[in-house]
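Across the two complexes that follow, chain A remains constant while its partner is chain B and subsequently chain C.
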Partner chain A sequence: MATTMVKENNSGPAQLLGPESAFERTLYPYVTGTSVVALKYKDGILMAADMAASYGSTLRYKSVERMKSIGKHSLLGASGEISDFQEILRYLDELILYDNMWDDGNSLGPKEVHSYLTRVMYNRRNKFNPLWNSLVLGGVKNGQKYLGMVSMIGVNFEDNHVATGFGNHLARPILRDEWHENLSFEDGVKLLEKCMRVLLYRDRLLWFELNSIDSVNGPLV
Partner chain B sequence: MSSIGTGYDLSVTTFSPDGRVFQIEYAAKAVDNSGTVIGIKCKDGIVMGVEKLIASKMMLPGSNRRIHSVHRHSGMAVAGLAADGRQIVARAKSEATNYESVYGEPIPVNELAGRVASYVHLCTLYWWLRPFGCGVILGGYDRDGPQLYMIEPSGISYRYFGAAIGKGKQAAKTEIEKLKLSEMTCREGVIEVAKIIYKVHDEAKDKAFELEMSWVCDESKRLHQKVPDELLEEAKAAARTALEEMDAD
Partner chain C sequence: MDLKAPHSMGTTIIGVTYDGGVVLGADSRTSTGMYVANRASDKITQLTDNVYVCRSGSAADSQIVSDYVRYFLHQHTIQLGQPATVKVAANLVRLLSYNNKNMLETGLIVGGWDKYEGGKIYGVPLGGTIIEQPFAIGGSGSSYLYGFFDQAWKEGMTKDEAEQLVVKAVSLAMARDGASGGVVRTVIINSEGVTRNFYPGDKLPLWHEELEPHNSLLDIINASGPEPMHM
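Let's turn to the complex of A and B:
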């Protein structure tokens, strides 16, 4: 987590927060990932993100996986501070572990994971110590497709196609025009590739990774 | 069998003149009163089985789990007071997740066994705590292969090829010793465990029982889980036929 000693001599939120305020506040992200784009297609969810983590404007890490499968049903993609993403993955790992240990035939689906993430992000924001990420959570459970997003301040919603960061400005207009129900897998991939190409030109993407999740095969990398 | 304490058995912090702590021995009796629990180490994993004595016909089959997963790679089968067992399992789960969050790897089974044993032993040291009235068979699969441990209410923990606790433990141990465990796969082990449990079940004293089994092996991708339903049914059927053949003699 980013920590900076901020000397605030006049009173403000830092003073009111108490002793932990001096060394427990995320102020800026340092190593960041850029956009994630995802859409619903006929059999499930398609998600694309690049594999780069930047340190400011330097492309510091070139093979970072910014999408991970969560449990049997979901895919999580994140943009923003990579270390915070790794922390979120640890929370989810423990969540899924406890879910699996019940061994009762039930498993957490994308809706449940999305709700959990919203709670985590919102509660951190309330403590003025956010996890600096925009998360995309998609998955299929019992044939039901689900695609949602959570921002770093805890805003969450569900939609047929989502994007984070620059993707919101560059990719979503394309998706709004060209997305329709029951896209085939190939059409979905082509549409995502179109979005990623625009992001490549305009947002200096490196190389992207495509992930899909459908009701039959589960997450495919 | 054992002498009555008369005076030296009122507290777990009192030794008797012949060097025994009676409260711990009484705790072991609580374990002996419960349904048989068996664990065996096969060449590719661990199989555990529990003879769940059904107290009432109203109970839903599949409820009252006696075998719990402690982490991805290990599980515990509990005999004795069920509520005490739940406490031990909760503690083991917390030790396992804590180890992984600190050291970044799943807790080695011998480490987990040591921690659980320490915790059980802890409750035999103070007069204001009573010993756990349950014994635990812990099976797991880590980097060093499959391992089986048994932890008794005294806090003793040993590593075993085959272990049994509960009512039929003597008979079960004899049966386990007959098996060639080093050549057996877990698939075969499941059938053998079912046969043993059916055999040691005392029809006269306790009517109905439910068989609960779990395994950790290469076939389950080294994850601790309930034995798959078809294999469980196959094992039960084999056990019933074996029992009928024995009765026919």
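Let's turn to the complex of A and C:
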């Protein structure tokens, strides 16, 4: 084991304050997940992500779940630093818990969760201490489908199909061409599989698991 | 984006679950640059009676994290009235690693046995991710073991099989990694308690291109007359 060496700090303004300042600054990711791809289909949302977490260029962990269901209506997929994703899940746990404790019959839907995540990500970015993730939030509530994305700097939007990381470059062109309203479940899965196959060829992907939410049955894995 | 690729954490550490408990293993080299500061260090540190942690990366950082976690776990055990679970220990390690990720440089493997879940191994790499695994490897020497474990690992090993696997793996890594070396230490934790084992260099198998060790040149010379060198 090496004894501690003073770490080199790359961010500009913080250098003026010396190596150990009162607040934190821009970090770098260590254990990361790659792309997530999602689309709306006739009855809900389909989302796909692989199960690998890399450490630099090594594929270190091969059975990490990068998609988790949030409350009764939503599904969250994340790429980027896994420790930050785990922390986000803890925040969302607390959010959903407090929502349940109202015991008023209402439950947070995907739109609300997306809004919450956007605020968290943007506020962290403002403090120069981002959560190093790109998040995909999809779900169905009262028959209404919702699919949104938040980046680590707080950029957020809603669309019929979204992707993170490499998926932005490789999957979105395919989705733009071939997505249409009222995709059946089978067609949706086939389209998602097509995107994942391209990512498998061209990205360091390993294995994929597919999650879907539809209006009738709730989250399926 | 400044993606820092994984940097050397001079060590080989391993944690493996078996049918009934866990086996933790590590080398014993602490290096400061090119110099070996301690060639017989103990990198497997006790947190509670039933939970131990393998330390890699900065010696100071891993020691201080262990010390804090031991302190918190002690209080937790008193409050709880029974031994802490491995999951709690691992999550405490994660909390410290994650919340201080800017300042710490340490990768840890938490392993132990509790009555609820049996033997469990949790990896807490740089950054503070927590990941439960049937086996975990860490440190610079682990780079040489990914392929080995992909092939040699299997579910439901016995205690002896697991320990032999760990010793073999650590000694393989020590053979190739300059930052790992010394002796192999193992700790076995199960329902019956904790067993510490020690494997000095002469008890370890020889690998490719390694030569038989001798205590002195004189032993070879006097043994059976000078042999001519041959290729």
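The criterion applied here is as follows: the second predicted complex is superposed on the first by the 199 of 221 C-alpha atoms of A that agree within 3 Å, B and C clash if a C-alpha of one lies under 4 Å from a C-alpha of the other, contacts with A are read in each partner's own complex, and residues count from 1 in each chain.
The working rule: contacts are C-beta pairs under 8 Å (C-beta built on N, C-alpha and C of every residue); 3 or more make two chains touch, one makes a residue touch a chain.
Not measured: the values here are computed from a predicted model.
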>> Just to be sure I read the superposition right, which of the two partners does A:R90 touch: chain B = first, chain C = second, or both, or neither?
In response: first
> Which partner does A:S57 contact after superposing on A: first (chain B), second (chain C), both, neither?
Replying inline: second
>> Per the contact definition in the header, classify A:I82: touching chain B only (first), chain C only (second), both, or neither.
In response: second
>> Under the stated touch criterion, which partner chain does A:I153 make contact with: chain B (first), chain C (second), both, or neither?
In response: neither
> Does the superposition put A:M101 against chain B (first), chain C (second), both, or neither?
Replying inline: first
> Per the overlay, which chain contacts more chain A residues, chain B or chain C?
Replying inline: C
>> One more residue to check, A:Y28. First (chain B), second (chain C), both or neither?
In response: second
> Which bits of chain A are touching chain C when the two form their complex?
Replying inline: 1-4, 7, 10, 20, 24-31, 53, 55-58, 60-61, 64, 81-83, 86-87
> So in the complex, which bits of chain B are touching chain A?
Replying inline: 65, 68-72, 93, 97, 101, 225-226
> If you look only at chain A, which of its residues touch chain B in the complex?
Replying inline: 90, 94, 97-98, 100-101, 103
>> Applying the document's contact rule, which stretches of chain C touch chain A when the two form their complex?
In response: 1-6, 8-11, 29-33, 37, 41, 43, 55-62, 94, 97-98, 101-103, 105, 123, 125-131, 133, 139, 143, 146, 179
